[in-house]
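First subunit A sits with subunit B, and in the next complex the same chain sits with subunit C.
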Partner chain A sequence: MSGLNASLATALSGLTAEQGALQATTNNVANVNTPGYSREVPDLVSSDPIVVDPLTLGTGVTLKSIDSIRDPILESRIQQETQTQGQSSALASALSQTQVNFTSGTGDIGTAISNFFNSVNQLSTSPADLSLRQGVLTAAGNLASSFNVAANNLTAQRSSLDGSVEQAVGQINQLTTQIAQLNGQIANLQNVGQSAGTFVDQRTQLIDQLSALVDVSVIPTDNTLTLTTANGTPLVAGHQSFQLSTQLDPSGTQHIFAQGSDITSALVSGQLGGLLQARDQQLPALQTQLDTLAAGLATAVNTVQTGGYDLNGNPTGATDSKGNPQTPVTFFKFDAPPATGAAASLSVAITDPAKIAASSDGTVGSNGNAEAMYGLSNRALIQGQSPTDYYSGLVFNLGNDAASANAEQSASSLVLQQLNDQRSSISGVSLDQEAANMVQYQNAYAASAQVITAINDMMYAAINMTTLTG
Partner chain B sequence: MRINPNPLPDLLAALGQTQQQINTDLQQISTGQSVNVPSDNPAAAAGLVQNAAQTSAADQFLRSIGSIQGEMQSADSTLNSVITALQRAITLGVEGANGTLSDSDRAAIANEVTGVRSQLINLANLSYQGNFVFAGTAIQTTPYVLDVTSPSGVRYAGNNLANTVTVGNHFSLQTNLPGSQLFTASGSDMFQALQDLLTNLQSGDSAGIGGAVAEVSNAYNYIDTARVFYGNAMNQLDSQQTYLNSETAQLAQQQNTLGGVDLPAAMTNLTTGQTSYQATLAAMGRVGQTNLFDYLK
Partner chain C sequence: MTQPNPNDVLPLSSEPLRAACPEIAQAKRSLLTELEASLESGQRALLARDVAGLEQSSGEQMRLLRALQIFWQPGPAQDDPACNAELRALQMRVLHLGRVQAALLARGQRWLRTIANLVTGPATNYAPSASNGVPLGHRNLRASGEEEERAPCRD
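This part shows the complex of A and B:
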């Protein structure tokens, strides 16, 4: 078919297509600040030509689809990096809280150890002096309470991390439910050949949020996708989501279950991974070191204490002055290994300052045992190290762990920022570009409209021509 | 390549980083410390723990030395008086050995020797802050008491034990000398010598008096030599004090090197940070102010 009517139809296709293209621009401009939005571009193709022998005539333009511009490989890099970022920032924030307990100043364990040994050295200069003996008991009490405070803070921090774990699991479940719903909507649209750009954007946004919480692997399948954790536990399959649940273990910490099996130890990335790493590895390791230090120090002091004589000349060991068995007068009381919690349970067993065994021979003025007790300050009591060396090693390790978590967090922030830059350069809306497109579509629309006017004139001329002859 | 149309998130991140740097600088300047938490510098934090322990120990050694010095000075000056008293006893003995003296003269001298003995008992029973200094470690037992059943007329009730006190890393010092090693050492027992002098003065045996004077001289020489212990110990304490003071100064310097803040550097960092913060803010204010839409009429 050729002729004016055909030309009119062709011009009309131009009007429609430019209107549609303008719709994409309008949507882009409207969503310029929408997080996760990928810009849309109209896919204009020329309509199939018709052949009117000997001519092949074009039939105008079709707006085939409006496509969202995104790079799936980049999206998956962003999701991976978001996991690292979530993990390192959860760990860094946990460790920076922990560090405060081990920052030198008044009341830290290092100072308390020094003060205790100092008080013993002072007692050594005048072993019968009751006020100096009281000074030793006070310093020992402070030492015990500095251990107690540090250990209790670690426990409190673990239980607050436990709360965060539960919260994170709740958020994960909410996100997987939403993603499964979107999967259903996207599949429905794509099954009838429609573009589901907006839904895909929303889903990408939700997967990013999920990546910040847990290690997610994205497996695209026909028209939909499957999400699993790194160890293969399914979270979302198509339009179905699988909920995680938490359950208290006998020690009172939350474990994470997926379909009946405990996956706690398999979660290593995302915020949840970082929380679990702090809760189940870093803090318990620190607690063990504290217990080792407390138990090692207290045991050594007790050994010296029970090998001497108190102010009244009575032996403090397992036999009394007449050789009869007695309960040894120990200095510190604590839950000795293999029981845990030496640091939390450490306390001073003596209340009467006269009971401190400063004397090594039963004479009131002897300081032999006080000297032996002071000597412990430089002795390799704990895993081949003096108490101060062991404590400074503990501070070093904690500082190192916290510093690397901080460094990892900054590094992954930078990487993530660059990846987001890249995403934005591919998918972000540029107002300049949209303005240019708008002008372009507007001009094309105006031109098509002009063509219609011209055809109209021609039609008019043709109709009038008939009237004149008729 | 398409340019990222929205640089604001980058600028915001830069702003955050600059703000954090400024906070760090401010904290360092206000605390004077570059290591406020262990992660600021783990090795320095561990070093600071050691440094604090060493400083604290050095301060304690200085306090202990102070306590010991008091007692030692008191012991030393008491021994000075003992020496003077023994000199007086020797003078009296030499007087009493003079054969021309009458019985009543010798009795008067004997009387005076008895006085010297009481003075010496008093001196040997020196107590410092409620503890007997020359009783060995039996510091709450009066060491020398008159006892007629004892050949020397005086009985030692203390013991033969001495204390040592740690006043430095791997440095400890004996802090007392029991009376049994000073006044009543076997072979040079000053009370035995005085007793012999008294006995001979009372019996008027000139030769015996001469022998007793020799005994007292012997005791005098012995104590004069033995008391060097206190002089030596006090010298050692003095030099240990000097050493500890310089060690404390060194530790303070090390602490500053490890954890102190380099103020000029921190101030410069702060100024740089603030400038960069303001520049970033100014840049952000200009982002996206205009685009093509503004020029379409």
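This part shows the complex of A and C:
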């Protein structure tokens, strides 16, 4: 094919291609403020030439496709960092709530321990004084109560985290269902050679949201992608999504299951990973430390208590004054693990202030046992540390963990900010650039139109020439 | 021991110092303010993968740390509570920035490891490196006795 008609077809291909390119620019400008939108660029290619001996003639231009501009490696880094941020954010939030239990004030355990030993010290100055004895019981009651409150708060927080885990699993299932649907739509469009840029953008946004919740690995396959957790549990394969479920274990905590397998311990990143880390590692460790402190302190006080004499000169140990066996008069009582736990169950065992064994020899004025009890405040009772030091260490470690989680969160925010800026510079719409493109396509369109006008004139001249000669 | 003059160790921060604070507290504050600025610039360098900038800020931080160690001798707390509170807040900010820097450095390290693996190419064994510098495959061969059996064939 050659001649004026061929030239007309070539000019027409220019008009069509530039119109399509202008359409891409228009779409870019319209989506300049759309979150997650990747700018589109037209892929213009020369149409296959034809050979008319001895010449090879071009046949114009084809708009092969409209491609969205993305950097897959950058997307992958954003998803990874989003997972880290989700994890550190959930952990930091949980630990900051836990810290409230251990903030120094009138009702905290550290103050209650100091108050208890101070009251015992006061009693040692006047061991027969009933008001001082009552003061010791009150301080002991406050100490037990502060342990109970802290332990119960930790249990309540674990339950609350359990609820958050269930909620996160629900959100994950919703997102994986949507991603699977989009996978199907993208594959259908790409199979018929259509651009699926908008759907790919939507899917990328959903994967970002999913990354904030759970550790996701993205495996691209032909026209679609597969999502798994870091340990390989499938979440989405093509247009099919695999739902996660939660089940209560015998201890009453929610475990996460995928196709019948318990994957709870394998989830380490994303919000879910942070929630599980707080629920299954940080809080139980703290609870164990509290139990150790409560049990160690109560046992030591009980040992001293049962080695002395009460206000009436009666021994408080396992034998009475005549050597007959009796029930020892202990100061504190608590349930040893694996029952409720020492911190949650700690209570004062005696109600009568006269039963406090301040005397070491049975005389009313003796304060030997009260002094021995006060001496416990500085003795290495719990893992080589005094009760106050052990508690300080517990609070310090908690503060340290919370501060580290906060710092991780800040670092993730900084990195994510930078990565998102990079993504914007690659995939974002620049209005200046689009304005320049628009002028370029407009001019090219106008030029093609001008060519058509010229061909029209030439055809007109040719037709006139034919009429004259005819 | 004579106390070092803070002006000999470091230039004072450009920010106005609290006149009510004792001289030693002002010096500490100045050092901490400078350390805060240095950590922030270190973070920017880390994010921008600016090795020269990171090296410079690390050098500054080492210098400031040495200076702080001189000033942070155990001793009685300052009398001025406002001064103490201000120093405490500054310390907390510096501590947080230090933690953030450590977190960013850990990320940088992971990134470098990934790049190193990419650069090394697909032939590299991703398993943990073999001990004593003996390649894993070589050791396995020796252990199984295959090497001895195959040796004559090479001749």
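Definition applied: the second predicted complex is superposed on the first by the 460 of 470 C-alpha atoms of A that agree within 3 Å, B and C clash if a C-alpha of one lies under 4 Å from a C-alpha of the other, contacts with A are read in each partner's own complex, and residues count from 1 in each chain.
Here is the rule we go by: contacts are C-beta pairs under 8 Å (C-beta built on N, C-alpha and C of every residue); 3 or more make two chains touch, one makes a residue touch a chain.
Keep in mind that what you see is a predicted model, and the values were worked out from it rather than measured.
Does subunit B (first) or subunit C (second) touch A:S96, or do both, or does neither?
In the superposition, A:S96 contacts subunit B only.
Taking the superposition on A as described, I'd like to know which of subunit B and subunit C A:Y374 touches: first, second, both or neither.
After superposition on chain A, A:Y374 lies in contact with subunit B alone.
With the two complexes superposed on chain A, say which partner A:A403 touches: subunit B (first), subunit C (second), both, or neither.
both
Going by the contact rule set out at the top, does A:T363 touch subunit B (first), subunit C (second), both, or neither?
first
In the superposed arrangement, does A:A411 touch subunit B (first), subunit C (second), both or neither?
Touch partner of A:A411: subunit C, not subunit B.
So which one touches more of the residues on subunit A, subunit B or subunit C?
B
Look at A:A156 in the shared chain and tell me whether it touches subunit B only, subunit C only, both, or neither; answer first, second, both or neither.
neither
Now for A:Q122: first (subunit B), second (subunit C), both, or neither, which partner does it touch?
first
Who does A:L130 touch here: subunit B (first), subunit C (second), both, or neither?
In the superposition, A:L130 contacts neither subunit B nor subunit C.
Both subunit B and subunit C touch subunit A; at which residues?
In the superposed arrangement, which is not itself an observed complex, subunit A uses residues 403, 406 for both subunit B and subunit C.
Mind pulling up the subunit A residues that touch subunit C in the complex?
403-404, 406-408, 410-412, 414-415, 418
Over in the complex, which subunit C residues touch subunit A? Could you list them?
That would be residues 43, 47, 95-96, 99-100, 102-104, 107 of subunit C.
So in the complex, which bits of subunit A are touching subunit B?
The contact residues of subunit A facing subunit B are 95-96, 99-100, 102-104, 110-111, 113-115, 117-118, 121-122, 124-129, 359, 361, 363-368, 371, 374-375, 377-378, 388-389, 391-393, 395-400, 402-403, 406, 413, 417, 420-422, 424-426, 428-433, 435-436, 438-439.
Any idea which subunit B residues touch subunit A in the complex?
1-6, 9-10, 13, 36-43, 45-50, 52-53, 56-57, 59-61, 63-64, 67-68, 129, 131, 135-140, 159, 161, 163-166, 169-170, 172, 175, 288, 291-293, 296
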